[in-house]
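The structures considered in this document are given below.
Below, subunit A partners subunit B and then partners subunit C, in two separate complexes.
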Partner chain A sequence: MSATRIVITGMGAVTGFGFEWQSMWKKMLRGEHCIRPWQPEGVEDGAFPVRYAAPVDSGLLPDYLQGHPAWQMPLEKRSRFGWVAASQAVTDSGLHLAQLREAAVLCASGAPAHMLQDMLLTFSDEPHETPAWRHLMGRVEQVNPAGSLCQSNDRLARLIADGIGCEGPVINISSACAGASQAIGNAFQMIRRGEVEVAIAGGADSVLSLDTMTALYLLGAASSEQRWGTELCRPFDRHRSGLIAGEGGAFVVLETLERALARGAIPYAEVLGFGSSLDGYKVTAPDPQGRGAALAMQTALHDAGIAPQQVDLINAHGTSTPLNDAAETLAIKAVFAEREHYRRLAISANKSQFGHLIAAAGAPEFIVTALACRHDRITPTINLHDADELCDLDYCTHQAVNRRVDVALSNSFGFGGLNTSLVLGKYREHA
Partner chain B sequence: MNTLDTRPVYLTAASVFNAAGSECADLHGPLTIAQPLDFDPARLAYCVKTPRLPADVFDRKIQRGVEPQGARLLYCAGRIAPALSALNLPSQRIALMAAIPEVDGPSSCWDAVQAIGEQPDALLAQLFAHTPPLHALMMLNSSVMAHVAQALHCNGPMGGFCSQGNAGVDALIEAFHHIADGRAEAAVVVSSSPNISPALYLRENAECPVNAGPQLYGEGAAAVLLTSSAPTSGPMALRVAGFGRGYSASPERSNAVANSVIKQALSQEKLCLSDVERIVADTQDSRLMSLFAETGRVIHSSRQMTGDLGASALLTEVALTFHDDRSERAQAHYTLLLNHSRAGHWGALLLANEVMEKHA
Partner chain C sequence: MMRASHTQVAIAGAGCVLPSGWGVESFWSAVCESRSGIAPLHSRQFHSERVTAFGKILDEDHQRSRQDLAQNLQRYCSPAVIWGVSAVRQALAEANLAPGQDGLRYGLYCCQGGFTHPSLASYGELLHECRGGEGADMRLLARRILQERVQDPFLVLKGLSNILLGVVSLALKLECECNAYMQGVSGNLAALREACAALQSRRIDAAIIVGSGSELDALALGALVQAGVINADGSQTLRPFDVQGTGGIAGEGAAALILRRREDLGDAPQTCLLGMTAHVDLDALNLPDKQVDLLVCAGSGDPRKDRQLSQTLARAGAAHITSGLPVTGILSAAPSLVDLILARGALQAQSVPPILGLQRPVAAHLPFVMDASRSAILRDCLVINRDDNGFSACYQLQYSAQAASA
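Right after this comes the complex of A and B.
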């Protein structure tokens, strides 16, 4: 709880739906998705087990980057997506560059593509030092020669800071799929404690390359199911089989309400709290009881000074993996147990519509949650036709729901049990 | 203005691992010498052998499931585990902050480049059939956080940071706030340097660092334990007294940002730079040293013993300050530690060495 109120005044998003949050929001409300057949470049048809993803139409990137130095740089896709999203958020906020000099930049941009090739060579006497493995790594280089060897993990954060002229803290976050939510949560905390007055926070990622998708497949995280076609991503459904990777990026501009009002900005929503936790259970699986996830939500609510009964909506992590969705449901039931409030909650899983943006996942979901607070409209969880018996909450299936949303949570749970939860509220002039 | 008017935060334990050794005192030992690299004998660096993880803390299988930088980080985390355990805190009140660089293997990735086109597509199936999932895990640099959380029973607030050499500053500052604001009673802060690999030098060439110059990298790791109560084992306690951070890739703006960062770090204690007895910074960084050119101040550094440890550089110096301030070497009340990444991040941390009331 704090006297300093922090609001969202700018948003930008690049997803498989397009290059603006406005079109993403409209399509999501219509119940559309952007999941399509996908194969990694350089692999013959049918050779790769993962067949579907939610890619960004990179052919449109020049329209958004032309004239900007980022277009001339040998950047990985994720940095291009991130730059477009961050610059849109700044434009959307109405802030001039001079007003952003003291701003902080917090960014989660996933893992660089060169790691896997180094990894195999680390263990040269291991069984995986096979011709096939070496061949795969060679193909990684063919696919992504500029990006894979030469770019630091924090390249995007610095690109944004340099492009906008920010001289505040420039922080790159590395906490797996909770990364972008941690970036937004840390930005919120930095503003609240007075370290900065304004921050650009979010993330960008692209795992749609041979090497990273191989790792996600080997870990058992990515679905290789064929029978549902593009309706493969089905959070909380009995037939869910793993995540469907998306790509893109999203950023928000956060600032103090006082500063926003002083310059005539109209906030989209208010950020009320942030919580994080660690499962400490297994590196390869979430705690099946959802204890870490529950702790993150409880900490966030406590941080916001919000009682569980005040929450209307949870934007779930909802990965469509067997373990996550059941554990997240249990966690929600534990946190909202009093008077069975969990039965009155609306729960929405955006990954059914734009896939899993991995390190960036929390950022577009945060934007969707903010818009739900602003418009009292909840995007649906699509493809949920046959709910798992362990998943028995109101997931707002198939169609958008018109319902008042005063307070909402946005959950992100990273691989290895790194959990975050953000609390948002409808913007009101008086708290 | 940063608000540190909350409850105090103390350093309670620290551990290091680097070319000088595995004890803080080793950093005061005989000068270590950088060695030629296997993949490029014309380059020198301070490389280390991968340490064995303490078997009483970590499952033995983990040793094979992390690459060297992860092993170094876990090794240091394991060595502060007894101090954490002795606090008897509920696991939900223990935070974990990690400064984790991108993962580069220590061997030449150029070998992989040379393998392009050697094998037909059909071998992909062989790859899937013979690759253990554990190896795929290593691509996630944050997976080491899961290992630490599991072994040290940390279930509280978390954060992973990867802002080059400033990641240690970010991790320490966030850990400080989790305790100061009451979200945790203790915080484990862990860090590792990047592995010294060709990719490290390729990135350096590709990204035109702000403070370019001959760079001697080192491999190492460091971990510290922060707590809400001062350690009871000695008369002195090291308190986190201030911090600041900023960024500029512009040579014209860099010094202004640096001075602002120092001012932030000193502001809470209402100090001037002349009030600080000890300054620790990279003496090979010309831009950093230019800040003190007219003051005649002696700048301390252990970098000549370790090389540039990247994300674990600052925590290594913090660990050394913690060690020194508990020994006869203790001379300074205030120590200011400065960090300047090659990309342009600036970080400052102020530590206060205090006599505890019962010993005063």
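Right after this comes the complex of A and C.
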């Protein structure tokens, strides 16, 4: 176990619930969700098979960005979400910008949302001519500068570092749906190794565009089921049919406990361990036995010096896809091998409430896990009415649960077979 | 500087697929013989009158790399991912390692280029068909995509920012700790730092670090022109540190390193990675106090930037300075890995290859190696990298027969 204790002192989240974590937390405890009818821009009603998502109300962005340099910049939507969330986390931490000068910034922002309109502008007029460079160079000015085509994937990390004035390491993590968790885990490791004392870590993403959602649909990841309406996202349910995409971003400020206490900060929770693993099974599907997921949890627990029986809560990856939820349940059973251990575990799947934020997913879920440790309250897995026979754990269905949470895991698994698990603990003055 | 550790980390193996050829030997002979892999730009996707040169992987090297990856995995892969797998296999072979069979615990740390969108060509035909008077006819586009499934779903996989990690893990059946990074110099540094930390903490016994990418895409090249990273004046040569330099030329390729604890490698001489440092500002980059025998620094090809860079290089007090950039072009995903391979080659050969094309250095007082390889006693080496956004990193290497105290 680490001698250096690392705590969470600031949090920021932008989700379909709104632009701050406080209202997200309250609504989640009430069992609400932010999934609603959605269709890609420009597509006629009912033409697109994926009809539900958890979008952010971007119309409110000006309220949160005006006055910030980021408002003037040509930025993708995901970068704007990320900037708001990171700024919020910094404000929430009470740290002055001067105290963040040596901070590290670790950020996951996924693959860009491709804007077909932008791509079209770069093509030549002649239908049979491949796009000519002279056309491109003439037309590239017309391409939406906020579009992904003009922006490298490290844009958000750089924006946060420059905007806050951080001169420490700036690291862009690109590990798909496990990205934000990897960013937080790496930040934890860097502080523990003594490379930095404070880090801003998290992620932001949006896949709510025609081409990306089409591809997710064609790959069989996104649900096109119609009958459940906005209750479509139902992790661990017999009728789960695929992920429901969300969008947004979330960041946390991590720092050493010593530093936090010295400036009078009150930590939300403590980070105890981190583990990652690879399935080595398939690009498009998790190992059905959940071996990689189990390895990530075991590694994280070992890293934290925590025995399985000490764990009270698992914030599951819980995507509502048939393969993931069954494999994750098997993985949990493998790690918490004794029946009495996994029977007393509380499992919560936040994606039932704010959808799947893809590369950013792990960050708001990490925040919810930290709040569970702080308040001994567990957000529910909603829409789980008819549990799959393969999914037979306590998923805290329908209503928030009041239960003591001393130690919790937050799981995130990514396309390509990448798994991460973070261990959090209730903050106590003495370890 | 990275925290000192009593556990030294050594480069146990290396592999690459670069414009100079397939494998470390090809790269080393190309730099020694001043043979550039940069060639006139020919793309099936676009024609350019302003960007006319590129460091492109030869087709025969691409085909050779494909032999290192099972056919069923290749459908997920952009060419760069295939080169990445090949580079990893080369590095493992040199290190005499066989994951899954040697009982070692591995870590896998990957870097991809900054632009991961599928190439324009993938969308070209569809977009042409769906053009309307005011841009795209989105209804037609949606109908074509959905009803006829004209969009290849594997495009998204190929564009995934961690597809290199996924495919390497599948190809090698790895179930180990891992991470995937982006951004050239910064991503390479993060991968190497995590790998060293995992080795020094003894969580793993061998680290695989691989970077792979390509900017052979009209929009990616357009973005690099706009950022001032590559030239758009039709120049065919890349001349770092030369007053007649005309700017950068992009390239593509992959490089991989195997890192292990020095103590696990026996008595043979090894190139050890003693430390690394980074800063967002080149001028503030922390360099070791003592002078070094060799300095490897890519440079940019832009005389103004290279003059500024030379001021930092002067602080290192190196006896010899070289660069492999004119051989490969600017590599988006593996800049530091390639420079580390070059540095290791020089340390092993006790010979410094020349900087191809350098005739009139921007800083005449600096010991740039010109014209031909120079034999020298080389023990200590620095590798200095700088991104176009100013982020800079420095790696400290030492070549020695025995593990030295940290």
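Just so we're on the same page, the second predicted complex is superposed on the first by the 396 of 431 C-alpha atoms of A that agree within 3 Å, B and C clash if a C-alpha of one lies under 4 Å from a C-alpha of the other, contacts with A are read in each partner's own complex, and residues count from 1 in each chain.
Going forward, contacts are C-beta pairs under 8 Å (C-beta built on N, C-alpha and C of every residue); 3 or more make two chains touch, one makes a residue touch a chain.
No experiment lies behind these values; they were computed from the predicted model shown.
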Review point. Touching A:N186 in the superposition: subunit B (first), subunit C (second), both, neither?
Key: both
Review point. Which partner does A:F415 reach: the first (subunit B), the second (subunit C), both, or neither?
Key: both
Exercise for review: Go through the superposed model and pick first if A:E41 touches only subunit B, second if only subunit C, both, or neither.
Suggested key: second
Practice item. In the overlay, answer first, second, both or neither for which of subunit B and subunit C A:L218 touches. Key: both
Check your understanding: Touching A:A3 in the superposition: subunit B (first), subunit C (second), both, neither?
Key -> neither
Practice item. Using the superposition on A, tell me which residues of subunit A are in contact with subunit B and, in the other complex, with subunit C. Key: 43-44, 47-49, 111-112, 114, 116-117, 119-123, 127, 130-134, 136-137, 140, 149-150, 152-154, 157-158, 161, 167, 169-176, 179, 182, 186, 189, 193-195, 212, 214-216, 218-219, 275-284, 291-292, 295, 299, 414-418
Study note, to complete from the structure: Within the complex, subunit B is touched by subunit A residues 43-44, 47-49, 74, 105, 111-112, 114-124, 126-128, 130-142, 149-155, 157-158, 161-162, 166-176, 179, 182, 186, 189, 193-195, 212, 214-220, 275-284, 291-292, 295, 299, 303, 414-419
Revision key, fill the gap. The answer for subunit A against subunit C in the complex is residues 40-44, 47-49, 110-112, 114, 116-117, 119-123, 127, 130-134, 136-137, 140, 148-150, 152-154, 157-158, 161, 167, 169-176, 179, 182, 186, 189, 193-195, 210-212, 214-216, 218-219, 275-284, 291-292, 295, 299, 359, 414-418
Review point. Contact residues on subunit B for subunit A in the complex?
Key: 1-3, 65, 67-68, 91-92, 96, 98, 100-109, 111-128, 130-133, 135-143, 145-147, 149-150, 153-164, 166-167, 170, 174, 177, 181, 183, 195, 197, 199, 202-203, 205-207, 245-249, 253, 257, 260, 343-345
Exercise for review: Show which residues of subunit C lie in contact with subunit A when the two form their complex.
Suggested key: 2-3, 44-51, 73, 76, 108, 112, 114-118, 120-121, 123-124, 127-128, 130-131, 135-136, 138-139, 141-143, 145-146, 149, 151, 153, 155-157, 159-163, 165-167, 169-170, 172-183, 186-187, 189-190, 193-194, 197, 218-219, 222-223, 225-226, 232, 278-281, 284, 389, 391
